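Order of writing sets the chain letters: A, B, C and D. Residues in each chain are counted from 1.
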Amino acid sequence: MTMGQLMALAILVLVAATLSGPRLPRVWLALTLAGTAALLGAALWALGGSAVWDWRSGFAVGGERLHFRLDAVSAWFLTLVAIVGGAGAVYTREYWPDHERPESAGRGRAWWSALVLCMGLVLQCANGLHFLMAWEAFALSAFFLITLERDRRETRAAGWLYLAASHAGTLGLFAFFSLLAARTGSWDLGPMKDHPELAPLFWVALFGFGVKAGLFPLHIWLPSAHANAPSQVSAIMSGVAIKMGLYGLVRFSGWLPLPAGAGWAVLALGAVSAVLGAAFTLAQSDLKRLLAYCSVENMGVILIGLGVGLLGAANGDTTWGRVAMAGALLHVWNHGLFKSLLFLAAGSVLHATGTREMSRLGGLWRAMPWTAGLFGFGAVAISALPPLNGFVSEWLVYLGLFDAAAGHVPVAVAIVPAAIALGVTGALALAAFVKAAAMVFLGAARTQNAAHAHECGWWMRAPMLTLAAACVGLALAPVVVWPFLRQPLGAWNPAWRGGEPPAPLAALGALQAALAALVAAAAGALWLRARANGLRRALTWDCGYAAPTTRMQYTSGSFAALAVGWFAWALRPERWLRWPRGPFPSRADHVERIPETVLERAIGPVSEVVMAASAWMRRRQQGRLPDYIFYLVAGLAAVGALVVFGGM
Amino acid sequence: MNDLLNLLIGLAMGLNLVALGTSRLPSLIRIAALQGMVLGIMPLVMEHELRVMLLAVAVATVSMKGLVIPALLRRAMRTANIDRDLDPLIGFLPSLLLGAAGMIGAVVLARRLPLRPEHHESLLVAGALASVLAGLLLLIGRSKAISQVCGYLILENGIYLFGLLLIHSTPLLVEGGILLDLTVAVFVIGIIVDRIQRAFDSLDTRKLTVLRE
Amino acid sequence: MTELLLILVPLAAAAVAVLWPYDRTRPWFLPATGLAHVLLAFGLMLRPPEAPFHAWFGYDPLARAVLPAVSLLFLGCAAYGVPYLRLRAERSNRVFVAGFLAALGLMSAAHMARHLGLLWIATEAVTLSSVPLLHFNNTPRAFEATWKYLLVGGTGIALSLLGSFCLGYASLQGGGTGDLTFTALMAQGTGLSRPWVLIAWVLLLVGYGTKMGLAPMHTWKPDAYGEAPGIVGAMLAGGVTTVAFTALLRVRGVVDAAGAGAVASRTLLVIGLFSTLVAALFLLSTRDFKRMLAYSSVEHMGILSLGAALGGAGLWAAFFHVWNNSMTKGALFLSAGNIRRAAGGRTIDEVSGMAILTPHSAAVFVAGLFAVTACPPFGPFFSELLMVKSAFAAGHGWAAAFFLGCLLLAFFGLTRVVFAIVYGRPRQLAREMDPRFRETLAVIVPPLGLLLLTLWLGVATPDALRAAWTAAVRQLTPTP
Amino acid sequence: MNSIIAFPARLAVWLLLAPLLPGIINKVKAWVAGRRGPPVLQLYYDLARLWRKGVVVSTLASPGFIAGPAVAWVAVLAAALLLPLGPLGASLSFRGDVILLLYLLALARFCTAWAALETGSAFEGMGAAREVSFAVLAEAAVVTAVLTLSLQSRSVSLSAMLVPAAGSGTLLLAVGLFTVLLAENCRVPFDDPNTHLELTMIHEVMVLDHSGPPLAAVLHGAAMKLLLFSVLLVQAVLPVGKLPPAAGAGALVAGVLVVTVAVGLVESLMARVAFRRVPLLLTTAFLLCVFALLIAWKGGAA
């Protein structure tokens, strides 16, 4: 059985799954798992050997022959699609079942497998026309997944915002691909480094794909969409879908000639996304919104790696560029895995308590130990702490930056600030995830529904465990991943087709394993010692205060206040304060809200101007016939003027 | 020959100004009808020998433009017992001035345009343009439905005038078709006006503004 | 000779329908005639007569490239008309059916007219024959809409007549024999007197542009489409506009041959982009979903004239888009008609949650929305993408960018309205919805069929059509 | 020196000598204040006693409450072992180990904060919030310092990095790192380890609820962290690696002592700054490191 047959099988099975989704949940689950398994097989096949599946159809679709091409770069992303797609499908069975969601469960299943299928197609289309088709189909199925719960007003609003932003990006891609086709004379895609005149197109692509990837100024749609979507959808959106935008950037930065400023721009964009994304992450008080902003941050980290890679490739295919690029690609996998894990865990919290508001949760670890443990695991991983996998990829990116800096390369002006930005990002992310995990799972329950939470079942636990296991694998044996990782690296830049790891991955892996063991041993030992000495339970010693209430706990807002204050220039927090007055103050309150700065402060005013123009137009058309005739005559005059004076 | 034609055209152009200046609905209708008749007899003046088809066309035009449609409009006006003053959106004096300016402009333009030798002396082009302008001016400047129909009539008269330039070249079949279409159009408009007057109790188009943004 | 049947069959059917005594069975004339017309149109397209039947009338490549689309659309509307007229059994449908059939015949005539004067006559006749269809509802609103349609459209059509005369005079002045067939005019070419040609172009563009509904002459459109029954709206948006567009193309061919092609392209480009912008701005804040369709139609007319302005590949894409526009508009208007009837309201303040009340129509409506906003795999995606591509290829980069911006605004407006009426909870008005209306197969299949046609056009464009469009492009571009 | 004895030696240094530093600091403070003060070995007695004591755990706390200190302790120890120790060298050295060191310290911070939040106490939440927030600025300074070192030495592994270039840059770097040391180890002027006003504390308030062996782990970990930073600072300033072993060891010990005394002096001569001013101070440290970086860069470029 060849890779091509495997791919074809996967596509057919997923189509069947889509059709079976509305009516037959079990069949759907089986088919979706089979399809994702086939996808995974094909992807690993492509990554294993440097085989490339290249297939052109005999028939034409939309006037162009289908052209599928599965090379290592596509396969790298396809792996993620397959894993998360399968895990989410299993999760759906318990999280979004027919008996709880009679109206939307069926649609949800169908669109889910459609989404997986479309993302798979996007990764394989090597023809601009079909790439756009798959791209838009993927965007639309994502839209229908986000709006599954469409009787909720905010879900509809979030869905519309997503669709609008996504369409803006798609129109950017319209321009990109039609320019490409207009200049090369064919819709076919492939390496075109030998057309220097195509270089400026990179900027159009950066916009088009950047919207989907949620890079900082273009991320406006991301938080609300990921927060309001059903959690398994948030997981695949945040873990995989936004990576499609990244795939576009990687793919076409590898195929097209690049303008001189490309690496610099990408690096700067990445640094901004990373730092500000992290700042916004810390400031959020809605668990899923926090996770969503964290995706912006991680895309920033990946983009820093990509930017260094571009600079490295532009400056003579240097080793440091290779390291950073490897880190970026590896972080794609890592972030995909633990971000999905975190969203699934958040979903199980939402399922158990019915709220995403962190200041209404707390102390859940007792009721839902599995979720708590898995979320904690994810938090450590996403804060890029050793001994987990997040660290491995960020370490590679750091290594690229440090190598470049140590080498006193000409582009160090860009490299050094990026390194510092990455450090700040790490610290912010750590703060954010300490906060998230602690506010939700530690301390005392802040509300009744938090107190009466229940653990999720195995259908939801199993996918989370799978994702966590994958993370552990990547963490403890990064050197095993290298043989796969070098394929996309080589496919992206043939000069980097080298065999040996760019960094002491083996040493790092060994150290991480040792550290893990040591940590476990130490924890165990301390626990035993404490038991031996006698372990007594008592009230929290709140500095002698004997009657602590749950309201006394630090909330997410107060936890973040300090750092938020430092980033107020970007976050623009809105505060409403009423100080306690008089000897026996009746009431005092302090409301704080972190606005969607870009959306409310930048997009808002612009759209108001447009709407004003629209209103002006409407006032011109009030049903008075003489006016209409006048417009007609005015049009006549205008056309006449254009004819007479237009020539000169 | 040509002088007679120019005389008629001048008459039509004068009627344009009167139409712009009049403040009463019945007189406006009368003016439009009169202009229609004047135009109707022009082909007979232009042609040397009388052809049956030509005669038929002339008769049809005169009867339609001069009699039937005005009658229709009068009926609508009477049944819709609306006040006979047509309150202008553009005042009478301004419309008069605009009309005069348009007429002068039309004459100037007609002089600048390349014309066939046999049309050098005739006022056809100028008259056509002037009537078209006057018609548009009425359509824009008067608010009552009937007055707008009159404006439309005058506009069409202008086009008809221009059509006379081609009377030798275009086959009468086409001419006839065009005339038929125009008259039917105006007829339909008349019918609709009649219907509207049943639907709404007034023909003031300022009241016909339910459909709006 | 058989070409004439395209005109005569509907007219004859109309005549018979007038005389037909039974209100219940009369509607069946519509699908019958539609089917015959489709067969004729496609048969003649696939096996075209070697020479046009007459210098004045003929099923020439241009007609072959456009008329079958109108004929298909008519078939869809006719199929829908039967159940629709059964719902409106309270009043006689004699005039309606006759007018509808006559309109088809006259539209065929207008598409096939190869003589300046005949073209105008047929267009005007189409306008007049659609008047009784417009005020079929007999409400004051309908009459007001008709009134505006007549006067604005009438003024426009009058101007186009003046333009036709000017073009005729241009040929006379250029020493022509006064033969006003397009072939003759194109043959005369640069012999035409340039000033008159330019005047003619301005008048004809504005005149037929009014019929097409290009801004700022679009003002009659929302009123007419908003008040007319769904099938009439579909026919106006997909058929009558096409007539005017074809007319413009024929004239443009002459202007091109007269050596003023650059001027024509410039004006078409500007007016097309302006229409797209105006439509987008109106779409952003309109609340009535039938008027929304009207503005969307204005937008697509702008797209068509943009394609015409680009010429060559752009013109080809414009023909492609004519087909897509007809099919998509048909699907949208018919499903909107269902929704309108079921909801008993026309604005997003009165209507919502139709996905629950009329699931199928709502689904078709949403799919149609994505089709009309150029989302793949529907046809408009391909035609508009081709248009953007040819715009870039022709070096009109800024025009393409502006165009894409307008598309984005339009997308915002359309999605806003459609989701508002489709999703959410049903409103009170829908409780006392028309009791006779049920989502039967008869009212779902026609719009669905048209939608599938759009899909088919996009995904698997038949080579016959591609060939037809190429031939039409060749006919319109003068060979130096 | 072969690693069979080197490794135990290093381990011994980190585990056994670390608790000396707080003692010395306290001695210095007492001496400046004219008191006798606690014995230098006080921390050893405390640790020994705590290791034998029983444990009181908040009713809200999860097992993480015990695990946290353990993990943090391991993380600090691991970080320390990565750091070359003068003539003893590092136990393991590879490209990029410096980044691992930074992130191990981050792991320690994560676990301490986690354990602090286990109890749901407002005070410990406050402490944790401050710890992680100030770490943001401190991290920037540290990363800049490390970048400076790698620019100087054109290498990215600690053992090769710690070869200071003589010059004004080194001085700036020293001051910057010293400030970071004070902040990271929660000394005056950032924090007052032995005040009893919880509202003003960072680190101490995070461990309010710990007792017995976990508390011992926390205290020992803190001591090790202090030693780690002073060793890093000394080796960043003095060319310890280049000297002959004996001299090197002497220089290192002397340097660490100087740093410790300096900490003590700062604590006795300065007062805690208001929290509002802390970011300012950290930013100053960051800027010092940036200047050092620029100098190192020019040096490298020349």
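Please note the rule applied: a residue touches a chain if its C-beta (ideal position, glycine included) is under 8 Å from a C-beta of that chain, and two chains touch if they have at least 3 such contacts.
Every value quoted in this text rests on a predicted model; they were computed, and no experiment measured them.
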item	value
Chain whose Cα centroid lies at the greatest distance from that of subunit A	B
Among all chain pairs, the one with the most C-beta contacts	A-D
Subunit B and subunit D, separation of their C-alpha mean positions in angstrom	98
Distance from the mean Cα position of subunit D to that of subunit A, given in whole angstrom	36
Approximate Å spacing (C-alpha centroids) for the pair subunit A, subunit C	44
Separation of subunit B from subunit C, taking each centre as the mean of its C-alpha atoms, in whole Å	31
Multi-chain contact sites of subunit B, meaning residues that touch two or more partners	136, 139, 148, 205, 208, 210-211, 213
Multi-partner residues of subunit D (each touching 2 or more other chains)	none
For subunit A, residues that touch 2 or more chains besides their own	617-618, 621, 623, 625, 629
Contact pairs between chains, per stated definition	A-B, A-C, A-D, B-C
Touching residues (chain side subunit B, partner subunit A) in the complex	89, 136, 139-143, 148, 205-206, 208-213
In the complex with subunit C, residue positions of subunit B that touch it	113-116, 128, 132, 136, 139, 145, 148, 152, 155-156, 158-159, 162-163, 165-166, 168-170, 174, 177-178, 181-182, 184-185, 188-189, 192-193, 195-196, 199-200, 205, 208, 210-211, 213
Subunit A to subunit D touching residues, read off their complex	362-363, 365-366, 372, 376, 380, 383-386, 391, 395, 398-399, 402-403, 405-408, 412, 416, 419-420, 422-424, 426-428, 430-431, 434-435, 437-438, 441-444, 503-504, 507-508, 511, 515, 518-519, 522-523, 525-527, 529-530, 533-543, 548, 550, 552-554, 558-563, 566
Complex contacts: residues of subunit D adjacent to subunit A	51-64, 66-67, 69-71, 73-75, 78, 92, 94-96, 98-100, 102-104, 106-107, 109-110, 113-114, 117-123, 125-126, 128-130, 132-140, 142-144, 146-147, 150-151, 153-156, 198, 208-209, 212-214, 217, 279, 293, 297, 300-301
List of subunit C residues in touch with subunit B within their complex	115, 117-118, 120-121, 124-125, 127-128, 131, 135, 139-141, 143-148, 150-151, 154-155, 157-158, 161-162, 165-166, 168-169, 172-173, 177-178, 180, 193, 195-196, 222-223, 226-227, 282, 286, 291
